[in-house]
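By letter and in written order, the chains are A, B, C and D; residue numbering begins at 1 in each of them.
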Amino acid sequence: MSETFPEGLQDFLHALNEDMRTAADWGAPADYIPELAAVDPAQFAISVAMADGRTISAGQHDKPFSIQSVSKVFTLAAALGRIGDTLWGRVGREPSGTAFNSIALLEQEKGRPRNPFINAGAIVTTDALLDKRAPREALAELLQFIRYAAEDEEIYIDRHVAASEEATGHRNAALAHYLYSFGNMLNEPDMTLGTYMHQCAIAMTTEQLARSGRMLAGLEGAPRLISADRARRINALMMTCGHYDGSGDFAFRVGLPGKSGVGGGILMIAPGKASIAVWSPGLNYYGNSKVGTEAAHRLANFTGWSVFGA
Amino acid sequence: MSETFPEGLQDFLHALNEDMRTAADWGAPADYIPELAAVDPAQFAISVAMADGRTISAGQHDKPFSIQSVSKVFTLAAALGRIGDTLWGRVGREPSGTAFNSIALLEQEKGRPRNPFINAGAIVTTDALLDKRAPREALAELLQFIRYAAEDEEIYIDRHVAASEEATGHRNAALAHYLYSFGNMLNEPDMTLGTYMHQCAIAMTTEQLARSGRMLAGLEGAPRLISADRARRINALMMTCGHYDGSGDFAFRVGLPGKSGVGGGILMIAPGKASIAVWSPGLNYYGNSKVGTEAAHRLANFTGWSVFGA
Amino acid sequence: MSETFPEGLQDFLHALNEDMRTAADWGAPADYIPELAAVDPAQFAISVAMADGRTISAGQHDKPFSIQSVSKVFTLAAALGRIGDTLWGRVGREPSGTAFNSIALLEQEKGRPRNPFINAGAIVTTDALLDKRAPREALAELLQFIRYAAEDEEIYIDRHVAASEEATGHRNAALAHYLYSFGNMLNEPDMTLGTYMHQCAIAMTTEQLARSGRMLAGLEGAPRLISADRARRINALMMTCGHYDGSGDFAFRVGLPGKSGVGGGILMIAPGKASIAVWSPGLNYYGNSKVGTEAAHRLANFTGWSVFGA
Amino acid sequence: MSETFPEGLQDFLHALNEDMRTAADWGAPADYIPELAAVDPAQFAISVAMADGRTISAGQHDKPFSIQSVSKVFTLAAALGRIGDTLWGRVGREPSGTAFNSIALLEQEKGRPRNPFINAGAIVTTDALLDKRAPREALAELLQFIRYAAEDEEIYIDRHVAASEEATGHRNAALAHYLYSFGNMLNEPDMTLGTYMHQCAIAMTTEQLARSGRMLAGLEGAPRLISADRARRINALMMTCGHYDGSGDFAFRVGLPGKSGVGGGILMIAPGKASIAVWSPGLNYYGNSKVGTEAAHRLANFTGWSVFGA
């Protein structure tokens, strides 16, 4: 790492932003959610919440984007807070080896999703958080949880995106009904699905997202929302399962626990050092941000923050 | 961690050994390799090679055991040394979501194994290391690599175990012929299989194994056999794929890159801090050491070495 | 066959009924549809509609039962009548090699069910028959089709059974939403599902069912609802796919095209010779009538009607 | 059928031959067996062994071709003759829903192949026939069985084809070793594989093949090699499993029990009426003869021999 770090880091982020903006191939935005498909892929932002309490950024770091599956990290943390480790009786902790929306594995595993970060597992986690309440109530709790984590009251749910998903969410509906048929849903599928779709539609800037991850990085001054133990375990899940069937490659190339969303955001945790958010809406083959993954790779190289290095 | 660490660590290891010896359920040794099935499960050893150059141990740390799949780490390192990153054209880097000896996924992926730590991937890696040489030659190179890493010339291949496997290795033979049919084998299946079975039959003590992992932990004084970059990436693979379909759970509970073998050994890496080997021959549901996994869990808690914690 | 056939056949049916009534193990009724689970399994009926125009029976042949998946034969015939062979663009004609309600294969085949007799394929067929109409209209057409085929106006839909299924049909809802997500549904899932569940709830006696199959057997005097060509092809599908993952065994043991339902009914076709209906509500491992299958086996042996014999 | 049948049938076969010779697309010969890949695809022959004892033909009916998987019918008949119905403990009777050489299903079914006509099942059947004897002995018995069935001593094993397969048979070797690992092989894999490859290399003309099928059709004058009961059951298996993952479509379009081979041959049985062999070396998507399937379809239409028609 540059000797003048963290000063050098700010320079690095600016240079990285410049570099990324010349990307030959931004990838394509998710095409199955109309509101997202319309987003210009040639956008980029990165923010780093540091151990010293500062958050530094580059690019469009104050532009809210749809966090989509990144929300699964917060839902998991909130659900664990609500019902504790009994959640693990309903969802596993293993990589799936399949696409994020696969239903085949669910049949084989008799309705217990492999982990909370594939869609089926996130639906179960949302169902646990919902816990027979009105969706409005559970969503308010989740939003409050994230706002508190980021210390920012402006984080909101984008109703247009939520509505956009409802029209196309038949794959998720299939998962929900399937889980229900195995007795792994406590609420009516439509209740859980509505909650799930709204949580995916939470909009955040990279700055807000990076700050909300400080609790997972165990940074001093971060709001105390979860125990160190639980943070460590959520980080472990992000490492092994956070990028769907590209998780192994992300660990190999970047070496940080991370969770991606089809909105093009990625949240990464460097335990004890930083919480990082990157965003660029175009996706790669696995449904993870193409330019964002490249930026993560370079940042990890520059900082030496990989958890796998000496 | 105890303030008196690493002095406190020695005490902890002794206490851990005492505790583990009272295990109510040791698990059962692998039953499909006759030489291993005959091993007394009620055995335990742990060794920690530390940053200060010392290696401390408890239990039967000078008793050689069959490292079995732990050898896949060394074969991978040696094969990468021989042919470089072209290896990744032949084998992936993703968790498999299936048992260690599954062949179904291989059909779906058209003969490219998901990662180098499931049997199919390890056979491909061995095939790459063999590289049209005589098995004897490749095995000599591999053994030399490990001896050099451990700085111990006494590490050897247990011919009885190798012979024991040859009689029962039809599942591996199926994988090898299958890989061959997809053009993902350079050598005749029998050549690669013979090499593979002998490498699995390497015998080491926990002390030797812990010392051989120092290169991956990037400890000062460790023999320079691989670059820091490559070590980091091998560690990443150990984290996401090192315990077969129990990898996610190991990451969740222990938080260290690790590779297990059906001989009951586990090698774990705490980057910059230590290389750890634990051994107990009885296995759990996933084919990983039952008591060894528990010991790893406790050691991680005591030391705070999880890579996911602040 | 007895020389005095068909006179001998009536005697055989009576003897068969006597024999079946002493069954040591009737199997268990389908447990996932409350109205069916409550049915007494110790019931049996058989009817044979013959080439000479007569229908002979034994057992409880005038007791209506829920035909469930046997309805898929009629829906297929009616849908082919409505939209013709374009249906085959949406559903295949191959045995599935999996359970009747599997969703895994559907993922692999990208939303095109393997055949019209597994649930996914029947839902698509129903969707084709519904064809943007009100469910009531499509159901009226289907019921009229069956009544005409059986020349019996008393055939009806059992609303209690339909309601019973709606409460438990989440597995089918999962299939419907999944098909929709692949673009293989023309109507809203709820519309198609409602139609599907009502058609499964059609109640018939074995006598009515046997008579409704005369069109498939090509018996003289049968109402002309489908061409000989189409009848032949539906029979072929019944042979290869009519008993889910027990189709091969039914062909092997009985040798007649047949379609079973979880209500315990089986419709069998002996081309040019007879249409046969058997009913007994207890099911075997594959979800086909246990005693009914045994009776079919004995009838085939007695009559020599297997299509595979000289 | 033409009123002047069977006289009209001879004319029809000649016309069919003329028509087929103008095929726009013959398909491509199997490419993975070098000796077969070199065969000119633009060839055609058809032979019909009739109830009156005569065999009539058109095209290249006296040219031997490699029967390949058609041999599985004879091996099954011979193995059942040797060990009886205990064979069904080792192999199932259900369509597989997968490709002929799939290994994935075998893992799921724990080493019991779905039916005797996919490669895994045929290897088990061959293993049963081999029954600890020398391959030479079992092959002699099988060849004698076929020669006797066809009443033709000139049927032979093409050693060039057998050798050609041995060089490329790694997929089959994988299946054999895999079966062995599950305890479903009595002989050393190499012994069974050698036998299997030689039986696939049997060469026959369509005339010989049609005549050898008379026992299955139950034609008068056919050599009495198997009981009527067994013939009926083998026919059932040919119907549901004889064309791999194209079996349902063949039943739908042709309506006769049939077994195809990648050499381009198809044996079809019209119970009580005829045994038919057709040959054309180019294959369709499922690995069945392209022009041969079309010819079978037309023959079935002309004769009305479909077992599913009135």
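One rule holds for everything that comes next: a residue touches a chain if its C-beta (ideal position, glycine included) is under 8 Å from a C-beta of that chain, and two chains touch if they have at least 3 such contacts.
In UniProt terms, the chains line up like this: A, B, C, D = Glutaminase.
This is a predicted model, so every value here is computed, not measured.
A centroid comparison over C-alpha atoms places D as the chain most distant from chain A (Glutaminase).
Chain centres here are Cα averages; for chain A (Glutaminase) and chain B (Glutaminase) they lie 32 Å apart. Rounded to whole angstrom, the centroid-to-centroid distance between chain A (Glutaminase) and chain D (Glutaminase), based on C-alpha atoms, equals 55 Å.
Per-chain CA centroids place chain B (Glutaminase) at a distance of 48 Å from chain D (Glutaminase).
Counting partner chains per residue, chain A (Glutaminase) shows two or more touched chains at no residue at all. Inter-chain contacts occur between A-B, A-C, B-D, C-D.
Only residues 102-104, 106-108, 168, 170-171, 173-178, 180-181, 189 of chain D (Glutaminase) touch chain B (Glutaminase) when the two sit together in their complex. By the touch criterion stated above, chain A (Glutaminase) contacts chain B (Glutaminase) in their complex at residues 92-98, 105, 114-115, 217-219, 228, 231-233, 235-237, 239-241, 245-249, 251-252, 255, 257, 269, 271-272, 306-310.
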